[in-house]
Amino acid sequence: MSEPILTLQELTCERDERLLFSHLNYRCQAGDLVQILGANGAGKTSLLRILAGLITPLEGRVLWRGKTIAHQPDFVRELLFLGHQVPVKGLLTVLENLRWLNRLQTRNPSISEREALQRVGLEACADTPCQQLSAGQRRRVLLAQLYLSQAPLWILDEPFTAIDQAGVGQLETVIDQHRHNGGLVLITSHQTLKINAMRHLDLTDFPPDNRVYDHE
Amino acid sequence: MSEPILTLQELTCERDERLLFSHLNYRCQAGDLVQILGANGAGKTSLLRILAGLITPLEGRVLWRGKTIAHQPDFVRELLFLGHQVPVKGLLTVLENLRWLNRLQTRNPSISEREALQRVGLEACADTPCQQLSAGQRRRVLLAQLYLSQAPLWILDEPFTAIDQAGVGQLETVIDQHRHNGGLVLITSHQTLKINAMRHLDLTDFPPDNRVYDHE
Amino acid sequence: MNEQTRGLFTAFTAILKRDLMLIWRHQSDILNPLVFFLIAITLLPLGLDPSPQLLAALAPGMIWIMAMLAGLLPLDSLFKSDFEDGSLDQYLLTSEPLYLTVLAKILAHWLSTGLPLALVSPLLGVMLALPEGGYGALVLTLLLGTVIMSLIGATGAALTVCLRSGGLVLSLIVLPLFLPVLIIGANAVNAAVAGFAISTHLALLGAYLALTLMIMPLAAAGALKISAGH
Amino acid sequence: MNEQTRGLFTAFTAILKRDLMLIWRHQSDILNPLVFFLIAITLLPLGLDPSPQLLAALAPGMIWIMAMLAGLLPLDSLFKSDFEDGSLDQYLLTSEPLYLTVLAKILAHWLSTGLPLALVSPLLGVMLALPEGGYGALVLTLLLGTVIMSLIGATGAALTVCLRSGGLVLSLIVLPLFLPVLIIGANAVNAAVAGFAISTHLALLGAYLALTLMIMPLAAAGALKISAGH
Amino acid sequence: MPDFKFTSLNDFLLMSGHGIYVWSSVAIALVILGALIVHPLLLHKRQIKQLKKRAAQTRAVTTNDSH
Amino acid sequence: MAWQWFHRLGSPRWFYEKTSRWLPWLIAGTLSVWVIGLIWGLAFTPMDAKQGNSYRIIYIHMPAAVLALAGYYVMAIAGAVGLIWRMKLPFMVMKSAAPIGAALTVLTLATGSIWGYPTWGTFWEWDARNIFMLILLFLYLGVILLQSVYPSRDGADKACAVLALVGTVNVPIIYKSVDWWYSLHQPATIKFTESSSIHSSMFYPLLLCVVAYYCFYTLALILYTRHEILLREARTSWVQDHALRS
């Protein structure tokens, strides 16, 4: 089998004195679509934040193209991370917000921002301030990035929240495309995705061993 | 057929110069479970806030037991409104938050708060501050109220957000029970509920007429 | 009817208790204006030339002004978090008059900011070499004044709650309304230092307090309804 | 390498532009400290007595202190909203050094608070009967001082961003560090009024500015990384 | 019937040294009051223009639909 | 009947069309009255014994002060009407009144300061009325800012109305307290407050100027309100027709 592009080695995560999972080993190839499973509070978000390098795990490491992400300043250039929250300013218009997010990642996308907005069905309110958007519309601003980024690794934390079913369908196709273009997608969602040939990473398979971790 | 408990008359809603829906007429009996359908930005949340009396519609009125809600101070005693946001303070523990929400509504519930927490699977972290909860857990604190309120009218805006599938199943049963006990439930959700004999209110059936509203 | 009143009180006390508990959880809320107050006062001698007689002359006015500015700080957040996390909707959906809800929040706010402020003021009086006569008047007037501040401030906070950063509008709204209190209070302390009676000052403050107590919670309640309107 | 630098600049300018645009959208952010400043100064004579000679004596110190307190106000919100809505994560996930990101935000902050503050100070000088000699020194020192304020303040804000109400800790961190500036600045104005040269004062301020310019953004960047950690 | 209180126009303009104050005040008054009249008129004109443009657009759209 | 009239008054359209007819007359009247009053005051009134010719600033200054004060009440009353009867027009009037009042306050402050220089030897003196005017300016700014930064327009209207009402209750209190403070701190240098007793020959032109300012105020208010109407009623048929016709 081909050489893994993302490798999780012996990951152990702790939130406020409580172990969430231990010895999490997992390897993803380019072209994989991995849905992370787990009940509320299982540690999905925590895991994703570890993979993005926003949290350092209690133990273990994350390898991207064979090197630890901590030692790769350019890892972030290959990453698109969409978290729980929606980093969108209510006072800026939809277009301004998207443009900003785009600039921040210094992308040079194939399509224009307006086009991306049109894809997510926001062309009508491209110039309305975001505080006047509905829950789903706000989220769509964020998701428009999926059409703009060329990053191979997508980390999406419950991207379907507040999105209506038509929207979910669209997103699933985008994700599927990305993965067929050789991208890697890690996603959490409590809904079952209608994409075939998905891989699943169930956190319950890596129960916390209650060994004591005292780093000496 | 029996006499309607909640009646929407000629409701017309406008958000910042844009009409969302017009001439919305609808009548609900006790025991109904109504899911409000509509794409993102259709006006579901706006409608629910109108029904709760938080927004005044551009035109039309809402009747509860035959009287306009605006003229019934005690209408709120019969209402349980769970909105988009989670009115939960990060610094207070789960139990404190729930207790507070409960007191605010001056309910005298049949079961204790702890018991309710146990029903939603939060008994373990009853005493952890809410800022340390995961997205779904925070939401569950809010949903615990469903076990505590005796209000006949439930208005739930996307209650299943961030809730895992087991949780969703539970909620559906609670909602079904409430409706069988003669309650009335109005709910929005982009997921399809697994409850039978639901009624649907599709906002696309009440398109905005672009008549000009100048009150003279 | 009796049931009704019980209802009133449970909700009132519920809000009061929760707010106090919240404040207690991060005492920073209490200490915040206090520390600002202390720092501002301690900076004075550094910025100006610290001849005692000058300081003594300035003390009453300075303490009052700084107390006012300090009281301004926590106002912005009075209803903010309730608005953002949807607690405000819940207030509007309680069966009790919003007037009481607001009053509960104002009370909690005063207990956590105004009261401590008034209580530490003598300490600052000492630092600014305030003559003996002034202390009683200082504490008394500050006690009354801070209540008025909380009342007026609540209205300002309610009006600006849905603004992303309402701090400016808030101070712009609140300070002019608070001016009379400042003038009366500072003069009361000066009068007391000079050895005159301050009963008139206190009477005036009391009257203004009564007025604001009638108007402000109503205005604040109305403003909150408006803010929740969208 | 060249590509690299381009990357740097796009992100830097992106953040700078967005922040300025945000500020522009609700000018309240700009006016906030200004109005606080104005009102605070207006209140002074009402608390104290308005004899011109007294005011003239107080003016330099007062203006400086008030400018500082006014500068303290908007600090709390410098990174707050970015932290709450997850923009902070995005900063950390840009390919450019966080140092630059922070610098961009600081620059935007100064342009929107410090600069206007320094520019209106002469007006307040007139109201407080500041003698002719003082104005130049006032504006100059305030220009330098507010930059330092923004730099120090950014670090404080970054350290306290994940506290629900970090205002207290913020002022505790910032004010001591800022004290030297206050003292030098106020003395410079007094010296200028008395007709002495203020080159030494300016030199000192410049040195302190250079120091903070090196240290503070780094410290702020580190603090932000930590805050994102949970 | 009140009569002209100044010996000459020049005297009137100078106002025995206080002219600068009086006339600057008059100038300020003219500017501010004038602005209060002109500004809304300008806004009004611009608004009318915009309305016209919008109406034209909508008409264009409707005609397109009709085809 | 009376109510019907009242509600027609509340209709923007009615207001707009009526005022279109009034405007020319109003403009003509205002200008003529002001020109007469001002020339009379500046040229045909005797010189003040204490202050020399600089007192002539009063013909610009005092009416502005009076209108600035009156304007706040206009604003507040309009807001109250809007809140109570849920009418649109009063809110538009309120919104229009704010900047006008602020401008007049600035005019008062500016002319007053200029006046202060020859009289007090300083541009700014902590005189009761100066301070009060400054505070009034702050009150106006508060309303204007709230109006401008509020996310939704209906909300802005109602919020500003509440603010204006709260302010109105306090304006007299503020004025009194400042006055009282001034009576305690009155510096020996100033004595102009006595000049309230005005020589009759100065009185009539002053009266004319005050009348002229009132007309000015009404005129500006109408003009701003008309613009506001066009903004807010843009979707209505009659506004679109009007735009096409004009």
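Order of writing sets the labels: A, B, C, D, E and F. Residues in every chain begin at 1.
Everything that follows uses one rule, which is that a contact is a pair of C-beta atoms (placed from the backbone, for glycine too) under 8 Å apart; a residue touches a chain by one contact, two chains touch by 3 or more.
Just so it is clear, the model here is predicted, and its values are computed rather than measured.
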Request  = State the smallest step count from chain C to chain D, taking one step as a move to a touching chain.
outcome  = 1
Inquiry  = On a CA-centroid basis, which chain has its centre farthest from chain D's?
reply    = B
Key: Cα-centroid distance, chain A relative to chain C, in whole angstrom   = 46
Request  = Could you please state the distance in Å, as a whole number, between where the Cα atoms of chain C are centred and where those of chain F are centred?
outcome  = 32
Remark   = Flagged in chain A as touching 2+ other chains are 84, 91, 129, 131-132
Ask   = At which residue positions does chain D touch at least two other chains?
value = 26, 28, 31, 35, 39, 46, 81, 164
Key: Residues of chain E whose C-beta touches two or more other chains   = none
Query = Which residues of chain D touch chain F in the complex?
reply = 26, 28, 31, 35, 39, 42, 45-46, 49-52, 126-127, 129
Request  = Show which residues of chain D lie in contact with chain A when the two form their complex.
outcome  = 6-7, 10-11, 13-15, 17-18, 21-22, 25-26, 81-82, 84-87, 89-96, 228-230
Residues of chain C touching chain D in the complex = 26, 28-29, 31-32, 35-36, 39-40, 43-44, 46-49, 54, 57-58, 60-62, 64-65, 68-69, 72-74, 77, 163-169, 171-172, 175-176, 179, 182-183, 186
Query = Contact residues on chain A for chain D in the complex?
reply = 52-56, 73-74, 76-77, 79, 81, 83-89, 91-92, 96, 100-101, 103-106, 129
Remark   = Counting only contacts in the complex, chain F reaches chain E at residues 27, 38, 40, 42-47, 52-54, 56-57, 60-61, 64, 96, 100, 103-104, 106-107, 110-111, 114-115, 117-118, 201, 216, 219-220, 223-224, 226-227, 230-231, 234, 239-240, 243-244, 246
